[in-house]
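Should a chain be cited, it is by its letter among A, B and C, assigned in written order, with residues numbered from 1 in that chain.
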């Protein structure tokens, strides 16, 4: 396992180095994504100005939520972009290279492709979510809750993205379908958590855990709730288990030549 | 048919001038099939792009059937067909007949003309066995046949082919060569081919123009090329080539 | 005319063969419509004052129509140009007897036509059943024809805007940053996530009269004051169409010349 993690770190370093070799293209990609993301701040600040505070959430909380969401997106797409490319790899036949590699197939897959613009999400997200914490003067305990919640959110985000890609092992033309499925998951996470009624919020925290990757970390630190954090941990663990099982089944299907065409 | 005079093409790259084609001149008559070959970077693709009107020459002139491909693009494209080896014209989810119909409409053919041309091309290129299958289910050789069919729908006088056999297996290459030979011999089609595959040239082209560093270095009948390095005739008796053996095995 | 319609027909036929993709797209669309509806119902319950800005039913129709037009995907023309330049496939299109830009327009319309009509049907049914018809200041019969006019004009403008974005790739090497900026302005001023009626008054005017808002004028056609604003919307969109048409004509000639000169 240590060997696989070491491989992951080194491959990621090379991916970044390779992309950074074209310096201007790298920075154009990063900056254009930052500009792209600023739109969400504009949209939701206009919304909050019009609607006012909702269920204890202010405009600052919405900014914090967007920062968390962008940071998680950046982590997943910046370090594990191969997971997104999986359907295309299957079509091209280059998934075989993943299987014959001497390292863990997930780490090999994850680092097999790279997305420059994700670093725009990562950078902006990090600046915003850190600024949120500093502005609200988090205690050490609150920072701990915040960071843990973001880690759980990132893991769930990665699990869902991988599950959407794994559909390609079962359905022909999985590329388009996996993107559609992922969008169904992604969109609710871009809305302020306060506007969700309780039942809808629970649904989007468990069965379609979009809010775990955006609003829930903010809810956790607003209430300093260890209970909500534990619930996040439970949901994350369940999604890790589901993803692991589906991944194993998908690999077995591919290796046995049962790939549906 | 094709008249090229002192054709020159230069590109600007970071202030430096790169000469891709350097004073190339040749002419091609109707019914000729010409291989235009050379090492990588010799200027083959640049030349073919100027002949088809995609690129404008820096100097010199090109005349295709009396028209300039740059000034009279529409007149020229309606008289030529083009097949690019690594690019596809085909709609992946539809059968060949739909793409052919679309091309027919694009070239201004009437419904009756399209139907007649499709029937004719199906017979000529033997597309019957797979004409109703979606393109994505066809083999590479079959797809190449359909690509050529699209290039022929409007009954062009000249067929340009840029590396058409790239990535094709032996059987697919044989299908391609047989198709082009048929067009040349039975329909007197003028063929202008760029290829790295010597087998394509030997099978299809009766004339070979070799370019290197943007200039024409050889312009001879294909059958006479060996005389450039060999003054004596050698007679060898040998069995079938490896390619012949493989073709035989694959076809079984 | 016939060539264009046939081109669109064949491309649409090709697109619709991939039924799984269409089904999943429409599932995505339906879920999102329902999700937005229930979410904004909750927002209006929390802040009842919002109905003074725009009635709930009009807000829902306005946001739905943005996403219906989203499926027509004329904005993807930019990516299509970008891919053609990157792969060199532009050469294939230049060898055909139809102008390159027109081919791209036909292909884009063909690809988006069926998802657009299916999503429109779904949106109309869901909205009608769950929230009813929007409040408009005219008979629904007249409103429908007025919508059609605004739809056609606004989509022509949308097409021209993204053609210009795509053509910028002939100079910038990568037109994606231009696309990001333009599409996000359209997202804000088109009322994708938040109805423009929620904006401060000055910003509402800027949104409506900008080319970005004009290209999504169909969203404004769902507002109660549409009857009063119809001719202003038409004049505004027409102005931006003429403006864009001039630039598209100028830029496309130079773009093809640039390609022809420098490959």
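To be clear about the criterion, contacts are C-beta pairs under 8 Å (C-beta built on N, C-alpha and C of every residue); 3 or more make two chains touch, one makes a residue touch a chain.
Predicted model, so just to flag it, every value in this text is computed and none were measured.
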Item to check | Common touching chains of subunit B and subunit A | outcome: C
Item to check | Innermost chain, taking as reference the mean of every protein Cα atom displayed | outcome: C
Item to check | Pair of chains joined by the greatest number of C-beta pairs in contact | outcome: A-C
Checklist entry - What's the chain with its C-alpha centre farthest out from subunit A? => result B
Item to check | Separation of mean Cα positions, subunit B and subunit A [Å, integer] | outcome: 48
Item to check | Centroid distance [mean C-alpha coordinates] between subunit C and subunit A, Å | outcome: 28
Next on the checklist: Please tell me the distance, in whole Å, between the geometric centres of subunit B and subunit C computed from their C-alpha atoms.
Outcome noted: 41
Checklist entry - Which positions in subunit C touch two or more other chains at once? => result 18
Checklist entry - Which positions of subunit B touch subunit C when the two form their complex? => result 11-12, 46, 49, 52-56, 70, 74, 77-78, 80, 82, 84, 87-89, 91-94, 98-99, 101-103, 105-108, 134
Checklist outcome for this item: In the complex, subunit A touches subunit C at residues 25, 28-29, 31-33, 35-36, 39, 42-44, 46-47, 49-52, 54-55, 171-173, 176-177, 180-181, 183-184, 187-188, 190-191, 195-197, 200
Checklist entry - Considering the complex alone, what residue numbers of subunit C touch subunit B? => result 2-3, 6-7, 10-11, 13-15, 17-18, 87-89, 91-92, 94-98, 257, 259-263
Checklist entry - How about subunit C: which of its residues touch subunit A in the complex? => result 18, 20-21, 24-25, 27-28, 31-32, 35, 38-39, 42-43, 46-47, 50, 53, 174, 176-177, 180-181, 184-185, 187-188, 192-194, 198-200, 203
